[in-house]
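What follows is a group of structures, each given as structure tokens.
Next come two complexes, and both contain chain A; in the first it sits with chain B, in the second with chain C.
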Partner chain A sequence: MLRILPRKKISNIPNGLMFRMARLTALQLYKYLPAKNCGECGETTCMAFAIQLLERKKKARDCPELTEKGLERLIEVITPPVRDIELGVGENAITVGGEEVMYRHELRFFSPTPFFIDVSDLMSEKEIKKRISFVEKFEIERIGVKLKLQGISIRCASNDPKKFRETVQKIKDNFSGTLILCSFNPDVLKAGVEVVRDRKPLLYAANMENWEHVLKIAREYDTPLVIYSNSIDELGTLVREISARDFNKIILDPGIEVGDSGLARTLNKLVMLRKSALNGVKELQYPLMCSTTAIWMNFNGKKGNPGEIENLADEEIVEELLRERMSGENPGNNSMNSDTDEMKFAYQESTIASILLDRFVSLLVFHSIDVWSILPLITLRQNIYTDPRVEPAVEAKIYEIGSPDENSPVFVTTNFALTYFNVSGDLESAKISCYLLVVDTEGLAATVSVAAEKITSSGVKTALKESNIENRVKHRKLIIPGVAARLKGDFEDATGWEIMVGPQDSSEISNFLKENW
Partner chain B sequence: MNEQIKDLKKLLEKSDELEIENLEIEADELELNLTTQILAGAIKRKKRIEPFRFSPPSEEYKGRIVEVTLGATKADGGTRNNRFKIGGETSPPFYFFESRPVNRPVISQDVFDMPIPLPGHVRKYFPDVMDDPAEWAKLRVKKFNAEMLTLHMVSTDPLVKDTSVKEACKTIEDVLQAVKVPLIIGGSGNPKKDPELLSKAAEVCSGERVVLSTVDPDMDYKTVANAAIKHEHSLIPLISMNPDEMRRFNKNLMKVGVKVENLIMDLFTGGVGYGIEYSISAMERCRLAGLKGDKYLALPMASATSNAWSAREAWMRNEEWGPREWRGPLWESTTAIIALLSGADLFMMLHPFSIEIMNSVMDSLFVKDLTEEKDIKYPEWINV
Partner chain C sequence: MEYLIEFYPDNKRIKINEGKSILDASVALGIYLTSVCNGMGTCGKCRVIVEEGEVQSEKTDLLTKKEREENYYLACKTYPLSDLKVIIPVESRLGTHQILEHAHGIEKDSLLGDEAGIAIDIGTTTIVAYLIDLSNNKIVDSASGYNKQMIHGEDILTRIHYTKKNGVEKLNRLLIETINGLIGKLMKDREGVKIKEIVAAANTTMTYLLLSKDPSIIIKNQDLEEFKIAYTADPEKLGIPCKGKLYTLPGIASYVGGDIVADIISSGMYTSEEVSMLIDVGTNGEIAMGNKDWLVACSTSAGPAFEGGEVGCGMRATTGAIERIRIKENYEVEYATIHNDKPRGICGSGFIDLIAELFLRGLVDHNGKFSDTSSDVSTDRIRDGEYGKEFIVVSGDETATGKDIVITEKDIEGIMLSKAAIYAGASTLTKIGVGFENLEKIYVAGGFGYYLNVEKAIIMGLLPDLPEEKFEFIGNGSAKGAYMALIDEEKRKDAENIAKRTTYYDLSTAKDFSEEYMAALYLPHRDESLFPSVEKRFHTV
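Here is the complex of A and B:
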């Protein structure tokens, strides 16, 4: 459904801030290819292969004609300034990092931040099963894409290798996805990785004290490795040590801090790390990860004091929120206090995670399993990692929903992909047979296109004419989005059709038709 | 013995590591010292990896974002109890290693001149005041600590209630009397009615340094601009997600005579899931251009964050998505935070809880001292 359009008109401002040319061109890459056009890689020419390399659709290894040296040279050239690290195996394999820019308008962000749900070996079996099933069942469709969670992160809170091994085994038996194993104790990591070596889990984490032991395990089991330190100097030093031993499957965790200026320092560090990576500081050219589980450190199940954000809300407001919550919409069965506290922590975790997502964190371990706290994050992730060169638009034309006839209603909407999917989804689930006239609004949503005047009477007139809908329905009634109400007169004058103002949101269409059609 | 030491020395010079097995040392002090020296040399060679020393990737920007003053106190010839400065940045948002944030952004809380359709879980925060904008404004200030208010004159739209400009101005006067915080006066979005409304509002609010929101190239913006100049107010030019057109429009406004320190750009804030990525990129491009010295874009930015409420994820009842009482405000505060990180300086917001959250986030970002925390607890997340 999505169409690739040329990049939007190039700005004459600001100097050097136009969509920056990609770091490489296909022509540059072509020089590193055998120029045999053998077709073994699945592309007809080496030039086509070079383009696919740039788009990250093919890997250097897909070219069978390269010599070992040649392959090495090619990999060196295409390795992005924030390296791409692979976790997991088979269809669950995830690429982390592989980023090229500070700002998405400069090119694009490539690898959507995977979300791992936090599990501890001290959680009850019931809780662990609940979390596994949450990850497996989680699926929210937006713009025709199914948004999911990427895996489970298992931490050893007991610091007991045996206990950890059992938990990892249990999760392995019930969950087929990608895993992270977390402990600073090498014995624990080893106990865990032995059980799931075939999954290629991510090992968390090496630090200044344990790195030699943890590196040994990562090498033995051929898994990627996280380095943790809150100091950038230490991160760089550890990378020097570890990469000097020919190990490069590294992800960096600079930590998040709570406390007075903790958030400011965290933000500052994340920006400096990305900028340094792009500036060519090779010790820091690795993707970043964080665990927002840290937010829950002050949560004791009943009463808590959210560390970073104090007084999350006026007590009165919370009470009010709670009363409504209790009064029927979503009855909770926990005690009032602990429930509110848990909500506050989930809110805070989501808030901090949104900041991390915006500021270059390439992998996230998340504790809360409240859908409402994850929903804005995975939506934001989809937004941020969208290719700015692809307009989120569907083709502007007439769509048939159900089996419409000459008496069926005709709805007008915009060609913003999300609007289209929402409206057509609502019409389908309400079992309404109708025509949906999608007008070209340059891919802008209904509200925006009214504000920006991208939905105009002449646009609607053209769309009507091109759709030939005149010959398919007997009536002359057009239902426009509620948010475009103020354009009713204009549309009537331009088209000569009777304009009916539809509901503010398409979920109300069914009721609207009952009353008005 | 000397020979043996020489041999050992030679051997050590070539090797990186020294492993001594089953060693018993029976020697006098002198010999031991010598041996230690050699060993130290060998160990030094093994640890030839230097510790990494980080230097922050700071950059200088030749531009500086203009400062805009909101509201006028008695000393400035107005009647507001407070005034704010926004803008003034010298580096991208929260690049602390380049510069400290200058002015804390301001949150202006929404008030409407008529009862507007709001989801029940939002409406209940404003019981009994939605028919009376002055009372609504008071509630915002007293109960929700509003530092600034936006009075949206939505009823003036001919397609809504077609409230006359005269009547609308009466409402504005009432609100000016009822509360003493700085104000934004918002139009209805009707391109024919807004110029008349906003220029009369400028007259009514003369001396108060209000912000007139919004003007765009497709309306008679010159009339509004002239009224703003005459009565010394600020203007919000609105261009949806297009830096080039924003620049052009700002230039035109300046040509008419609007001073640069009276402009706050609005590039339109799409909510999370509803085009926020375009807002991010438009704002980031404008801010970077301003910092690089483009004077037509070196302006503070406004975000009408309440737009987030048009997302069905914010208001719709949906069992699968969890309680909307939490989901709704989270949708708005997340949108606000992303706008903040993209450079916004002035926020128009709706839900008291989202406003609270935004304020707490800003509290933790606008700090004087960034010294490293000594007791880092983060690694303990494993034991939570």
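Here is the complex of A and C:
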């Protein structure tokens, strides 16, 4: 028997001015620790452990001295206002959410939004294989980090448990990563999860109608669960019921509405949800997900062309569309109208997804498998989820400034991004054509890398060799930063080049060259 | 023939012609030695140590055999035969070079028994030793001098790099020589007194060099268990003539050494229920915070500006250094120098006064730049100099050198970088969870701290804006801590405990530090609300 819940108004949703929750401090956490400085956790003191806990480099469980009750209390304290939910197992495990702030500059965002590629059980085997291989092969290296896609979201468009089970089995056999199983039909979900229970897939989704059945499945198979509703009140109501049954592995999907005012409403909802979480509205302290697959719903032209998409702003239609998506219709199959239309949709999906990424979406299901539509999103994700408090490094290699020739000077600097941009900026603004040899100093600035021996004669030698600069300039003169003056002799011995000690400050390079070059 | 003569600890050099004496060279540099006989070779006051190089010297009875062995010469009658490295000992300087020998709460007394102990604070620049009467645990004498290692570089990093090429032996020997020199002074005329024990408080590098351990690991690793070891050694094996034992206070991390543990011991902050902070101001600013349950410590690279380095008119706190400054409403400058000598430069405490006063008078702005001349401030003390705008602190007709003493924008910037590093280090530590306002006390240590004007230090944003009574100077806390550990074995256990339980907070990877540092690069701070007392002044001025 399904119980239809009355919609309860969530009364304490903040609007307007936000009262930010104060961030925990290491000292607060320290008070929950045994203060034995036993060192079992790998840190020498409990305070060091508290600092690492705060930085999420250690987990509460890493402290063996805590009693069960103590651990529980500590976990309660450190649980971030947007809870962290784990999907998948082993090396494919993904943490979703765990966020503490509204804006990145306030602290940082912790868990990069995982990207799942949409697959439906009505897609051809060829299409499914294509999508699996796309997810597996996708890899882009940027600022020294390999960027990837995280998994596959399997949607039951047939509403047939048997068909779904077969598709899940097929994907399981060909793909080792993390999965999402999508249907509002509990029988379908159960058929799917049975096949991949050891993967701990994410179940999508409980709603006002099916929640008791879906909750039972999630509990039985110990999987995390998505709660879907496009109404915040309903989301809150469902969370209240489900968490009261001692289930907390929840991700919220508030749905997306496209078109002018629809998109605005979606964004408002996302902002409201995050604000509520940060303000301690217990029912809404869960990570958010969105699926831009919905944008493809009217791809077949049934709902008009993308130009008339503002129709979709109507809540009813969106509901209908979403239901359709989960229960039978088959967007994105092979009967597409034309390449141009597909491009329009992919373009729109990419645009909307980028907005969602900026608005707290902690998990994204994406339909398009065009590299050009995913690439900007992957880059954006990296930008949003890097730690703004840590300065990044640039690639260590030879850079050309202006249009250097065989007589142009060669400068050495470090790969700390700020140093690099300062030096190259100064060189550019002084209109100096030259080569800038960036040596790998583990991202440390010039003074520090000299002190910590990150810029060494062997490092410079290697960089010289790898850059092949010998064959690009006639001279054998290398200009090193003024702060590295002490290393002049070392560099000369190691490289055989004449070392010139440049100015302390790159803004003086222009004058330096006038006098010395 | 010309020879290059380098003087330490001044770190000044000059080329002089053959036939000129070392005294001539020092005078030419503006380094003044005591010379009662005015270079006749009869008073024996202008003693210097020739650490490297060859000299020709007239015979004299004014130096003992032992002194001659230690390469002491009379500067006025000694002539270079090669390039030289010369150390000027404290006693030879005109007036007394200020080394902070005394910590607060220690009084000298006379020796009763025949068993003595030595407590020694080994700094990168200066070394201070106390002689303790073990029958009553009183300090009966003290001595101080420059670390002879100075000829191989002023800062720790240069010394460590030196050992890479030349081994540890040389620096170890120079350090032992310095220590022996001080012990020699303390034991002079005390025949029959036996030194039973020596306790040393030193930064990690100095501890390693004292024990002939390779210090190169210090630059590579910040946080190692071995830095927390308290060593016990046989002084005779190290070359110190003493039949007892030598104990070194344990450190916390590479740049938070036994000297800071000694500071913590002498402050007593580790026994208190309330949370306190300790700031040791120096080239490396070390900061510790905590109470009887927990302690954290960090090290911040402040640079030598407060010790007179890297600033045009900067000098160490020696004779003739301006240590106090007031700018009057008509922008005239009142100043006081150490020993009321003619001014030669400005030392750290003088800079703090100067910058605070320039700021209060509206001569420099929030960014440390001289205010626009178009504003209502007008004084001919601000002029365009070789390095941009500068403020004339003392004009040439009053100074010892005849040259104007000026401060440039670049100088101000250098000092602001230093103060920002220290303030940011302290404010980063408060992120652990105790705000400045909740601190019971802030202990200020280091040779520099003794002369610090708290009010001015707050105005320039070096120290947090707290009531003056919250600050307590412990002077040379390191020497005092060594003394406490010498007379009380329990304190050694405390020290070892402190070393173990203090959490090293690595600012180089701390996420908040760079933000805090950038915010502190203003007068007094980017966020003026953190300095309400300073803001209030502006409303009343």
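Quick note on the criterion: the second predicted complex is superposed on the first by the 336 of 517 C-alpha atoms of A that agree within 3 Å, B and C clash if a C-alpha of one lies under 4 Å from a C-alpha of the other, contacts with A are read in each partner's own complex, and residues count from 1 in each chain.
To be clear about the criterion, contacts are C-beta pairs under 8 Å (C-beta built on N, C-alpha and C of every residue); 3 or more make two chains touch, one makes a residue touch a chain.
Please read these numbers as outputs of a predicted model, since none were measured by experiment.
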item	value
Touched partner set for A:Thr79, first chain B, second chain C, both or neither	neither
Dominant toucher of chain A (residue count), chain B or chain C	B
Partner chain in contact with A:Asn210 - chain B first, chain C second, else both or neither	neither
Which of chain B and chain C A:Met272 touches, first, second, both or neither	first
Partner chain(s) touched by A:Thr95 [first = chain B, second = chain C, both, neither]	neither
Chain B versus chain C as contact partner of A:Ala48, first or second or both or neither	second
Partner chain(s) touched by A:Arg486 [first = chain B, second = chain C, both, neither]	both
Chain B versus chain C as contact partner of A:Ser510, first or second or both or neither	neither
Which superposed partner A:Asn37 touches (first chain B, second chain C, both, neither)	second
First, second, both or neither for A:Ala26, with chain B first and chain C second	second
Footprint overlap on chain A, where chain B in one structure and chain C in the other make contact	448, 451-453, 486
Complex interface listing, chain B residues touching chain A	49-54, 56-57, 94-97, 117, 121, 124-125, 157, 159, 189-190, 218, 238, 240-241, 243-244, 247, 268, 270, 272-277, 280-281, 284-285, 288-289, 292, 294, 297, 307, 310, 312-313, 316-317, 319-327, 330-331, 333-334, 337-338, 341, 352-353, 356-357, 360-361, 364-365, 367, 369-373, 376-384
Chain C contact footprint on chain A (complex, rising order)	25-28, 30, 35, 37, 44-48, 51, 55, 108, 387, 389-391, 448, 451-453, 486
Touch list for chain A against partner chain B, complex	9, 11-17, 103-105, 120, 142, 155-157, 159, 182-184, 207, 228, 230, 232-237, 239-241, 244, 255-265, 267-268, 271-272, 275-276, 279, 281, 283, 291, 293-294, 296-297, 299, 308-314, 317, 320-321, 324-325, 329-330, 343, 346-347, 350-351, 354-355, 358-359, 367, 370-373, 375-377, 379-380, 382-384, 386, 388, 416, 418, 422, 444-445, 447-448, 451-453, 483, 485-486, 488-489, 504-505, 507
Residue ranges of chain C touching chain A (in the complex, touch as defined)	157-158, 161, 219-220, 223, 225, 293-296, 431-434, 500-505, 508, 511-512, 514-515
